Every structure is written in structure tokens, then in C-alpha cells.
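The following pair of complexes shares a single chain, chain A, combined with chain B in the former and chain C in the latter.
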Partner chain A sequence: MLHHAVGISAHYPLLLATWLLPLAGALLLWSTGPRIQAKGAVLGTTVLGAAFVTALLSIPDALRAADGYVGAQQPLVTWLPGMSLGLLLDPLSLLWTLVITGVGFLIHVYSIGYLAGDRAIARFFAYLNFFVFAMLTLVLSDNFLGLLVGWGLVGLASYFLIGFWFEKPSAVAASRKAFVINVAGDVGIMLAIFILFAQLGTLSYGGVFAHVAQLSPSTLLAVCLFLFVGCAAKSAQVPLHTWLPDAMEGPTPVSALIHAATMVTAGVYLIARCHPLWDASPDARAFVGVVGAITALVGAILGLGQWDIKRILAYSTMSQIGYMIMGVGVGAYQAGVLHFFAHAFFKAQLFLGAGIIIHALGDEQDIRRMGGLARKMPFALLAMLTGTLAICGIFPFSGFFSKDAILYGVLEHGHPYLYFIGVLTAAITAYYMFRMLFVVFAGQARTPASVGEHAGHAHHAPAWLMQLPVALLIVPTIGIGWLAIGGEQSPWARFFEPIFGASLQPLARLGMSEATSSLVVTSVVLLGIATAFFVYATPQALRNAPERLQREGQRMPGMLTHAFYFDDALDGLFVQPTRALGRFCAATVERDVLDGGVHDITVGARWLGHFFRSFQTGFVRAYALVLALGVAAFAAYYVLVGVTR
Partner chain B sequence: MAVGELSNYVTLSAVLFFLGVAGVILRRNPLVMLMGVELMLNASNLALVAFSRAWGSMVGHIFAFLVITVAAAEAAIGLAIIVVVFHRSARVDVDDVTILKG
Partner chain C sequence: MITALILGPILGGLLLFALPRTADAAARACGVVLALAALVVTLTGSTLPDESIAWLQRPFIANYHVGLGQGLGFWLVALLNLCTMCAIAVIKVPRVRDFTALMLLLEGSMAGVFLARDLLVFALFWDLMLLPVFLVLIGWCGHATAAWKYLIYNVLGGLTLLLATAAFGIAAGTTDVIGHGPIPVLTPTWAAWIFAGFAFAFLVKTPVWPFHGWMPETYVELPAPMVALVSGIQSKAGLYGFLVIAWVLFAEQMHAMVPVFGSLAVIGLVYGGCMALVQSDIKRVVAYSSLSHLGLILLAIMSGQPLALQGAIVYMLAHGLFNVALFLGLGFVEVREGTRVLSRLGGLGVSNPRLAGALIFAALAALGLPGLGGFSGELLILTGLYQAGDYWQTIVALLVIIVAAAYMLRLFQGTMQGPVSDDLPQRPDLSAVEVLALIPLAAMIVLLGVNPSVLSSGVEPSNAVIHALPLQKERA
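Then we have the complex of A and B:
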């Protein structure tokens, strides 16, 4: 018998070190940051490099299996009966840990160059280290409570980092928006935890998953949907995605690490981790699959209407996470997780490549003012091109394998409509990604600023600091998908056999083979690329590019420029009513009921005092008269009523 | 002691009591008011002793002694207050002593 999500319980110093090193780094940087500044960047990066090494050394622990127990389980404390907190490193959390620390390390290195000269660089690295600690808490926890703690802390770290440049009002607004929406998701997870604890009396993954059968179908569906509220908020699923494009106000390395590679895929992790719940609830699978597909499509369509290079990538992130959620949602867990793994590399690479361009152009993010960068920035072209080919799913880049695996998995699990949406999204993805690539790199330069001699950055860091991490990311961007070659005998499938081996199996073998599916997807992707080429990259399109792009901007439908009015809808549905309630409370409840009530009490007390004061005439004889009348009244009472015993 | 005899005592006690009340309420000289109070106290003493004898109980007697004791204390404090009031103004009229007016 397979024990779900229960590791071999023992002490694992390496695992503890992986988890706590980033926290130590953050605390050290917070306490000494203002004094060490630029050295703090090196310190934070070194700490994360050490965490990556300990994570690598922990791989044998994570893969160890005995008697159906898989991975390493490190008990920490027992808070309450049924609430034992601990760490769990099994293949699933190992994958995330390696990405968080590995890609995180590369992005730390990149940040040394990107933020060189920023006067708060130590604070930035403190936040980054803190984020890594929070994210490790999330994925390494062996119970729902620790997961929720990590879930909340990554939201906090995200808030810190989006608003890192707090002099910018737009960055502050974006960080606040991200935090509020993410807290709404936290509440969803909290409600799911309440239900689980009330029903099962335990919150450890092993305890919950062993007793899934005890939950009624409706309870199970409620738990899954509440968990999914958290996933939707964290992983930018419709309609809780609106914070992600705004989160691009943060520094570009933050977008690469948090809002592309790691944090936003927490929802994918949660569903993959809780796959016994999803296995048992077909309704939850159908719902999550549909939301994922809608998110993939909406993100891709909105990507068509963006001019800001980072917002294009943000919408593509949202769209790709939609794919992942669709994959893990319908039950194709390995495929969804593979897409997470591939996406972590190619999307980080795309963001870091975009960061190189933005940095070189002096913080220019509008692709209409770029153009013709192919010759001036060949390295950026290489980074962006390989990343784009990967995200589009061109053979042999990683995205080809992962996207095909998801789409075929969706088909296998009996969702032909979602398959159709996924293929359509793949075509749109190819179109808008190559639109970005052509507009940025093809033709003539459209910006007066000359590349490489930008103003505004007083300190120059060596170029390799930013190029090396990107170069290292290109390798997995190309090669990671090859792990999945070979179907059920592939290294990828064998790696996840202990986790997903007993999970939901595909409904039936289909008439359409995976090769045919790949051919279909590749054809529509090539169609999308060809369309983008004819619209943006033919010689006559390039000749009058500025006018054409300007015309495109003017003719852009309102649906795209307003992002399907999601912001306005959320504003009308939640923000405005909340504000109205706040105004009502401030104007009516606060002033009339609370202040007014207190005021009325004082008025009443004063009036009462006046009333009783009027009795105190100061005339002794009047007091004597009242006294006498009182005695007379007593006497009259006893005379008229009589003494009764 | 016959019932008629008791009612004589009680009537006398009531008359004395209301004389005392009238003295306290109608006169403005604090000394006379104090005398009125004494009259009321002693009227009630008379009633207590009369009832006590009529019903052959010692409680009324004891209570009368208690009243005498309290009356002595009351007279002492009352006179002390009057002396203080005399110090404040030469004229002695309780209607002028209204500093406790609310």
C-alpha cells in the first residue's frame, strides 16, 4: 500500500539547512543592510547558492522509498493534537525546491547586476531571501497549516517586492492590489482547512489523504473549491488574475522569480500535492479544468493588446499557468508539473532577457519605442528567441513536450472542448509572442536613446552578471522536455511514479495518437508565427513600422485595452461596494451611532445631574420639610394600609 | 396600662412631635431648630416608653436610651456647626446658609 505524502520520519540536517538558510540571510540583511549595502547583494546570493547546494545534496533523501513511504519527513513541533508541523521532501516538493533555490540563485546573481547602484540593494536582497524562505515553507510543509503559513508569507514577500520602489505611486498601488487579492485566496484555503479539520481532525497531508473516502462528495467538492480559490488568487486564474499584470511594477528580477517561475505556480503545486482530493472529485476536476482553460485563453487574448514588454510576458505567464492548472485540474498531474518545470526556466529566461533590454534602454518598456535591437543586442535576441520558441512549443524546446503532454492529457481525461481551447490558445500564444519578438528586434530602431549609453544608472556592473544566468537558463529551456521522452518509461514518469503512480488514470485510449496531437499543435503554432511574420516582419511592414504600430494602438478594441473589463467588474462588484460600506460606516455608523451614542450618553448624564441638582436648594428648612413629608407619608401608609406581617 | 391611657400618651407624643416639626420647618434660628429636633426626639422617646409599658416589653426602654445617646451626639455636632456658622457671619439665619446649593 502506498502512503500518500508521508515521508520517512527522521532528522535531515540538510533539509533544515535548505529551509532556514534563506531566512538567516534575510534576517542578517535586514539587521545589517544599511551598513553593508552592495556587499549585501553578494551575501544574499551566497546564502541562496548554499541553499541550492544543500537542496541538491538532499536529493537522495527525497528519492528514498521504503514500505510505501516516500521521501524525507522532518518533524518539527506538535502545536495541538492533530496539528504536528514538519517538513516533507518528496519528489514533488523536491522539484519545486530545486527550482526555487536553483532559478532563485541565478536570479539573485542577475539582480546583483540589475540593481547595481540602487541605494536599497541590501533591502532588495533581504526581501528576495525572505521570499525564498517563504516559498520553501510553502512547498516543504508536510501539512495544510504550514502550507497556509507559507502561502501567506509569499504573498507578503510579493507585496514587499512589487512595492520595492515605493516612491512610485503605481508600484505601491500594484503591491496593495496584489496583497489584497492574495489574502482573499488565503481565506479560501483557510476555509478549506477548517472543513478538513472539522471532518477529519488532522491537517497532515498523510492523515487527510488517507481518509479522503470519509468525506461526502459535497464536502470534498467544497474543500477542493475553497482550496482552488487560493490557487486562483495565487496563480492568477480568472477572475482573480488582475493583480499579475500590475505586479510588473516590481523590478524585473522579481517578475522573473516570483511572478513567473515560482510563486504564481503555487496553485499548480497545491493541486498536484492534493491530487488524492482531486482524484476523488470529478466535479472539482471539471471546474478547475474549465477555469484553467479560460485563463489560458483570456491571458493569450489579452497578450495581443499589450505594448509593455513586461505586461506581454505577464499575460503569457497567466496563460501558461492556465495550461498548468488545466492539466493538473483534469488529472494530468505529471503533464501539468512538467509544464511548471519547463515554464520556470523559459519564462525566467524571457523576463531576464527583457530585463537586459529594459536595462540597456534606460528603463524603457514600451516595445513601440524599441525596434531593430537584433544587431545591437544579439545576446538578448538569443535569450528571447529561445524562450519564445519554448513557450510556443516548437520542437525540440521544452515547451513542446510539456504543452503537448498537457493537451493530450486533457484529451485523454475526456475533455475535448478544453483540448480545443488549448490548441487555439497555443496558436494565439505563438502570434503574440512573435509579435513582441518582431516588434522589438526587427527593422529599424525607433528610439532616440542609443543602446548601451543610457543615462540614469550611475553604477555599471559587469555585463556577464546579467548574461551568465540567462545563458545558464537557456540549457534547461531547450533540454528539460527531453526528460519526458518515452511515455511511461521516461525519466520524468519514473521520477513521479511514487507520487502520481496510484492516481487517476486516463479514461481510455484514444483514436488520436499523441504524435497526431503534436502535429496539430505544431501546425497551428506555425500558423500563428507565420501570421505574426506577415503582420509585423515583412519588408513593407517594417518600412513604416512606427505609423503602423501607432495605427494598431489606436484601432485596438476596448475589450483589449481594458483587459476584458475585469478590473472594472471587480471594482464594481467588490471595491466600490466595500468603499461605499466604508463611507457609510465613517459617515453614519461612526458619526451618528458611535460618536453620537457617546455624545448622547454625556448629554443624558448632564441632564440627569441638572435634574437632581435642582433638588439641592441649600435651604435647610426645605430639607426638613421634605423629611417631615416623608415621615408623614410613612405614617399615612401605615394608617391607611395597616401593618402587615 | 389601659388602652385609653396609652392613647393619651401617644396623642401627647404626636402633639410634641409636630410641635418639633413646626419648630424645625418654620423657625430660621438654628438654635431653635435644634430645640425642635430635640423635641421630636423626645416625643418619639415618650411614644416608645409608652408602648413598651403597655406591652410589657423592655425593648422600647432600651431603644429610648439609645435615642437619648444619639440625641446627645446630635446636639454636640449640631451646636458645633452652629458655632462655625456664627464665625462666618454675625447674622444667624439658616436661610442665608446656602453654600451647598446645587
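Then we have the complex of A and C:
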């Protein structure tokens, strides 16, 4: 019976190895963790390095054209006809797989340094390995069922890692919030699955996408919107984004890997993967594009009001994912995916750079207590500056190419309003990112002396453990934008030809060329940077920085400090009513109505008991005996009747 | 051999009294061995022929007829034996010998219920199940009210079942009708009353809202190993009855009652979920979550949709596994900390990482984490419900899944995470035996989650009974 569960013929052993190695690492670390501790960190990192190598080795499999599709398909198990699990490695999932294992490996290395000396470091690496396995399950699945499994498992990994320091009540609350909101997203995907299975009788990508024409426009819209509920929860789109800033309770490498580079981009992956559905539903495209644009704008505005360096980066992540969702949402799939690719590097780099600062300052995250770090921490400055230039979209950093591609794509697909929001967001992004940079690095130190890249924590890991991964991330941050040069003949477009080649084409030619658009975006970005400079970095502003920053904090409008009251709204609309219903059931229905009636019977029975007790043995156990005798007598009667029939 | 599955544990339990009163370890070991033997017999016995001994001729034909078969009964008995083994291994109460004997008595009587092929045999074992639970409630728990409530509800249920069985025998001429044809024809009036008797017993035993009054206190008071069996497996007796007896013998009446029972199921689903969210006692959280989950299974059974029914079977097994694991885990917490109050507990995961791991695993299975058994069952059920056109029920159930995530994490985090409660004792982590007892449960939960089709590919899940269901619906 068991061989049905595990009897898999391995067509692609390298693919299976890539997928299962991190799981094996996690299980090994879970079972032996407490004994091996620091060695566990090296073990987990090695396992992930091996997974990255096998992923690289499976590139030829992913690009090989087989009958009708490009890529490697590996069936696993079948639940029912049409409902089965399997793996698919094609250019789209290959890109994600390489980022997850590659960037993941660098962040593993970084974590060896960042968490050196933590009592539970082996548990941390077990969670990290488990996350990589879960994320690979998500992107490698060849069907919606496996996607949902991965979708749920990454939520679990995120829960584990946000709550890694589980003695902190704030971490516990943040992890629960993240998990519950993500379950709400899972539920959306489940509804989409029910509709697809009821209509088409299959959940495999190939089967569904081949029969999109059979779905009525309203059904198609419903499927897209329910899928998007999942995307919104996972990728922090308004109004389901409130867990992401809180998720910064997790250790910084977690924020870099899960809450910036990989997991939160799952929504982008899902829409890109399901582009045949989006191609066929203009309403879904319009809706998702609008939500993405709103998220980009809201994230950027909220980024203005933060003092915690990680929360600034969290809101910037939310905003950048808004761009990606807007891109893939309106049909500019390649551009959205390119921004994911660029963002994975520069945002990981920003978080890891911030982690170096936080680590050196002894877990200080408030930028008001930083300042003047440029001279003390030149490497962190390099990391943060290149990352910031990339996120702002300055030529020649990667963000320039990817953000322009999205914005121009939005325009091309006929959404000038969204284009306007995107450009506005770019200006705000430049402002709040450089605000952070100036407050952290410029001027005089507002921290106690004797901090530097080598001070801080007592337990020392070599500095290169944390610096080398960041340095390696800077290379693609500068380099990968060039992949997109050349329009339809660019390496990027040719790579994705098998996936997006037949997808939605842009509308008619526009009056504005891509170069003009780039010029517009670059000028507003420079305007944002200049404003930040005048507010925070002029010699005059730097001289009395502490007072100015304090005043800014006091004058900050409630809308910003309360993050537009999204948290309060969700709490009031969903959490409190459910609790109130529970309390009502407990206090009224259960106690007075249900229990009350039975209580009377119980009292009556007791009274009867006392009555009989007056002339029988007065011990409650006697009732047990009576009961047993009763059953026995009944049984005996029928046995006797049977024998003497 | 099939009879041995029933009599083995019962007689073995009686033989335990030959041991000295203080031979705790020996009693536990004997219990584990007996349950393991029963498990082995079950797993290798799917091809064993039915055993039948003629018994009554008047006033109706009744036989001592038991059969294992390859369907739902087989899986439930396997689940029962596995869980009993794991639960007996971790018994930690006063008078272990007597307690183990009662556990075995419960195992044997439950096996009798699932193996019976004659309604009268079914009803007698149904009543026998009551005895060990009641004895434990009065012998091991401080609260007499719980025992009384349990007794009143379940004696009422058992009595109506017995009366209905007798009436069925008189009306149909035989009670040897479970799981094989031909199905006797009853006059509508008789059928309605007899069905009412059966249904009431099933609703109370499961329990289904609003017949659950006995459940919270019983679950709270019973020691962990016993409550694990009661909530994990005994709760399936009522659902088994609906599937194997009610749908087959009373299809017409069931159809008439689908709106009623379906509504009760939905109410229980929501009610249990909301109640679980606000409980302050850790065992009550799981008690009400169980009410919610059982509501979902009943909803699936009432839909009669083939996919939903398959899901119901998967979920019945998964629910048994994770509920046993949950209650055993909570028992470990209670034994270590001496309290069940959520607001007093906290931070136990620091000194007890293995216990924390076990509890989060069980909680995740219960909240339907993809990849574990609770998820595959839920997904199949809801896919089926949606296909059957029960859109509102599907959406309500989905919303309750979100609530389930909230209350399960509240339970786990309240006990294991947060600041360490200094006023509570610090006790050592799970022992090797305690870990070993949980591993088979966890393995089965993963297996069901990854590939629920093991139920149908290894052993055909459904003899005529399950496959007959959709046909019954069409015929009616």
C-alpha cells in the first residue's frame, strides 16, 4: 500500500534533488539540532549550496523543448483523475528556483555570521531549509493543488521564522497575524480551485490553460479574483498587507529572504504562471492593475512615516511588489518578472546591509539613533547606497530597467492613470529611501561611541561571512538590467519566449517612446532625491539633526503613524465580531440554553439518586455497577433466548 | 480471527487484573502488546471471511455476525488499534492497571461497533462503549457532574438505538443487514420512527450540535489517553452509523432530513469554531474545535456527493489521528504544569522543545495545513460540496478554516510560546516513549496528506456500502 504513496519513477533526478535536498536538511536539523547547534548552521548552508548546484545543472532540462511544451515534467502522485501532484521546471519556474536557491544560499551564509552565538541557531537553519523546500514546492508544482500546498507551507515557514524569538510577545503576535492572514489567502485559492475543478475536471496547469475558452467571462473573472485573494495575502497587497511590517519581528536574514526576495513575490509568480487566465479576462487585468498601483502608492506613502530601518524597507517591499503586481496584472508579464528578479537582489542587499548596521549597533533599529555611519561603516554605506539607487531606478542599476519596463508596459496596455500613479510613487520612493540613507549615514553620530563594523556583539563571527554575500549581491544589482536591452530581441525576452510568447500583446503604438518615459521617470526620481537632500542633508539640516528629527516625529500625522488605520479596520471588521460571536455563544447559548436544560435533568437525576440512596448503598460507584449489571442482564437475556429458541 | 479483535482486548483487559496492583509498567506493556497484536491482525486481515453464528430466531432473526471487509470499517478498526496502542503507551494516571484494563475494554467494544454486521450486535457493543468511559469518569475524575451528564445523554442515545433496533428486527424480520443486501422494505411509518431512533443515537454520540452538552465536560475531565480515544475514534461511531446504516437502510428518510441535519452540521461548524476561539481551558479549545470538524464531516455525509464522501472518509481518519495527537499532547502539558488554563500557561517550548514540536504538528494538522491529513480531507470534502452546488456551505466552511487557524495558534502559542511562566514548574521534555508514541500518528497524518488515495489504492475503500451511497441518492 505504501509504494503507491512513494513509488515515483525519477525522470529528472536533478530536479528531485533540488526540491528534496532542503527538506532533508530541515528534517536532519530538526532531529539532531540541539546536539549539533553551530555545526547545524554549516550543514544547512551546505545543503542549500548543493541544491543551488543541482538547480544550475538542471538548466538544460528546463530549456529543452518536449512534445508541445518546454521544460521538464516529473509526475509524483495522483489523488484522483485530474487531481494530482507533480513538478514542472520551465523557464519561469527555473528563474524562481535559481533565485530561491542562489539568493537563499547567500543569505544562509550571511546568517551563519548574523546568528552566531544564538542558542537555537540549528532550529533557525532548519526553518530556513524548510522555507526553501516550501517555496520550491510552490514554484515547481505543475498544478494548482501542489501550488496550494506550497502556498500553505511557505506561510508556515514564514510563521516559524517571524516567531523565531518566540519568548517575545510581539514576535508571537506578529507571527500569528501573518499566518492567519495568509490562511485567508489560501482560502481564496481554494475557492478558485473548486471552481476550476467543477468546471474543467482538472487542476493541472496544462489542462486548465488549454480549456480557458470553455469558461464564461464571469467564471473566469471569479477564478482570477479568488486567485488574487491569495496573491494579495501572500504579496502584501492592500488591504491584506498589514502583516508584512509586523513580520520584521523576525531576524533580519529572514526579512531579506522571505519578506523581500522570494516568498512575498509568490503572487507575481502566480499571475505570471496563470497568464492565460489573465489574458482572457480584461476585467481581472484592470482590477489587479489598480490594486497593484494602490499598493505601490500606499506602501511608498507609509514608508515616509517610519523610523525603524526595517519597517522602512518593509513598506518599500510592499510598494515594489505593488509595481510588480501592477505590471503582471495589466499584462506586462515580462516586465513584472524582471522587476521581481532585480528586486530579489537589491532588496536582499538592502536588508542585509541594514542587518550589518543593526548587528553592529547592538540591535538598534531606530534611524533617529544612528547618523554619521558613513565613515564608520563604509561597506554598509556601499551596500545601502547601491541598493537605494537600484530601488529608485537610477541608470545603470537594475531597477532602472525593470521599473521603466513596468511603467511603459502599463502605458502600452492602455492604463495612463496607473502610469501616473507609478511615476508619482517613483518620486516618493526616491524621497523616503534617500531620507533613510541621509539620516543613517550623514552628519554626526547620534549613537554612543565605539560602534563600528567590528563592534557590537560579543560573540564574533568573521566579518566576511556577512560582507561577502552582500558584495556578491551588488554584482547583479548593477549587472542584470542589461539583460533587458533590445526589446523583443533582448536575452530576457528570448528566454521567456516559450512562456509569454503567445500572451497578450500591447495595444496600438503610443505617442510616447520608451526613452521619453525613462526620461520622465528619471527626472521625477531626481526631484525626489533632491528634496530629501534639502530636507535632511544640507549642512544646516545636519547641524541640529536630533531636534529636527524629534520634531518631525511629533508632527507626523495620525494617518501615517497609524498606517492609514488598516490594522484597526481589519480588527474591527473581522477579528472583534468573530470573538464577540464566540463570547455570545459561550455566555448565552451554551450556558443558559443548552446547559441549562440538561442541568435541570441532572439535578432531577441527582434527586432521584438521593431518593434511591435512602434505601440502597449510598455510593456513586454503585451506579456503575448497576449499569454494568443492566447491560450484562440484557445481553444474557438475549443469549439465553438464542440458546433456548 | 475477527472475533479476536473484539474479545482479545476485552478479555486481555480482564486478565490484567491478575497482575499486582502496582505493576504499572507491566500493565502498560501488556496493553501496548495487545493493541499492537490487534493492529497486526487488522492490517493482515482484510481478506478474512465474515464470522457468523446463528443466535435469535424469534421475535426476529439475529446473528452474531462480524466482518472486517475492506471498507470504512477496516480503516476505522485499524485507526482504533493504532491509537489505542499509542495512548496506552503514555498512560500517566493513578492505578495504571485498572485504567489500562478499561482502555482495552473501550477498544474491544468500539471494535465491536465497527465490525458488527448485525444491528443487534452493533447496538449491544454501542451500549458497552459507555461503560469504560463512565467508570473512568467516576473513578479518576473529581467531577461527578461530568459523569452524570455523560451518562444521561448516552444512556438516552443507547436506549433509543436499542429500541429502534428491536423495532427494526420486528418490522423487517432480521437485523443481520449491515453492509450486505438485500435491503428490507419497511412501511413508511415504521421506517420513520426507527430512523429517528437511530439518528438520535448517532447525533448524540458524534456529537452534533445541539446534542453536544455532554462533550466539553467529559473531554475536560477524562485523562488524556481516554479522551484521545473518545474524541478521536468514538466520535466516528455516529458518523459511521450515518454512512453505513442510515444512508443504506433509510435512504428516503435521510433525504427528507438532509436540510435539517445539514443545517445542524453548519451551525455546529460555525458554533464550534467561534467557541474554540474564546475558551480559556486548553482541552475545551480542542473539544469545540472537534465539534466544528465533526460538523464538516456530517455536512459532507449529508451531501451524498461521491467526492465529498471520499473526503469525509479521509477526514474521519485524519481527524482521529490529529485529535488523538492533540489530546495526548495537551495531556503532557497538563501533567507537566498541573494546569489547563491558557492564561496561566506560556513559554513551555523553551524547556520542552519536543513537546512544542509535537503540539504544533498536531495543531497544524487540525487547522488544515496543506500537506497534512486534515487538508486533503477538507479539500476533497469542499470540492465535492462545491460540485454538488452547496455554495453557501462551502463558503461558510472556508471562513471557519480561517477561524481554525486563529484558535489553533492561540492554543499553541498560549501554552508553548511567549514569556516563560515563572510560577509553573519546569519539568523535563518528552521521554523517548512519549515521542515514539506520537511518531506513528504523525507518519500517518503526513501519508494521508500527501496521498489520500492510499485509502483506495491499497485496499478498496468501499465495499457495496460506500459505493451504494450516490446510487441510493439517485434512486430516491
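FYI, the second predicted complex is superposed on the first by the 575 of 645 C-alpha atoms of A that agree within 3 Å, B and C clash if a C-alpha of one lies under 4 Å from a C-alpha of the other, contacts with A are read in each partner's own complex, and residues count from 1 in each chain.
In this section, contacts are C-beta pairs under 8 Å (C-beta built on N, C-alpha and C of every residue); 3 or more make two chains touch, one makes a residue touch a chain.
What you see is a predicted model; the values in this text were computed from it and never measured.
Once the two complexes are laid over each other on the shared chain, residue contacts for A:Arg579 go to chain C alone; chain B is not touched. Contacts of A:Ile193 after superposition on the shared chain: chain C is touched, whereas chain B is not. Counting the residues of chain A that each partner touches, chain B and chain C differ, and the larger count belongs to C. By the touch criterion defined above, A:Gly152 reaches chain C but does not reach chain B.
After overlaying the two complexes on the shared chain, residue contacts for A:Ala184 are found with chain C alone; chain B is out of touch.
Of the two partner chains placed by the overlay, neither chain B nor chain C lies in contact with A:Ala445. Look at A:Leu465: by the touch rule set out above, it reaches neither chain B nor chain C. Common to the chain B and chain C contact sets on chain A are residues 620-621, 624, 628.
Interface of chain A with chain C (complex): residues 1-2, 4-5, 30, 34, 77-80, 83, 85, 123, 145, 148-153, 156, 159, 163, 166-167, 169, 172, 175-176, 179-180, 183-184, 186-187, 190-191, 193-195, 197-198, 578-579, 581-583, 585-586, 589-590, 594-595, 598, 601-602, 605-606, 620-621, 623-624, 627-628, 631, 634-635, 638-639, 641-642, 645. Those residues of chain A that touch chain B in the shared complex are 612-621, 624-625, 628. Within the complex formed with chain A, the chain C residues making contact are 54-58, 62, 120, 124, 127-128, 130-131, 134-135, 138-139, 144-145, 147-149, 151-153, 155, 162, 210, 212-214, 271, 274-279, 307, 310, 347, 349-350, 353, 357, 364, 367, 369-371, 375-376, 379-380, 382-383, 386-387, 394-395, 398-399, 401-403, 405-406, 409-410, 413, 416-420, 447, 450-454, 457-459.
For chain B in complex with chain A, the touching residues are 21, 24-26, 28, 30, 33, 94-95, 97-102.
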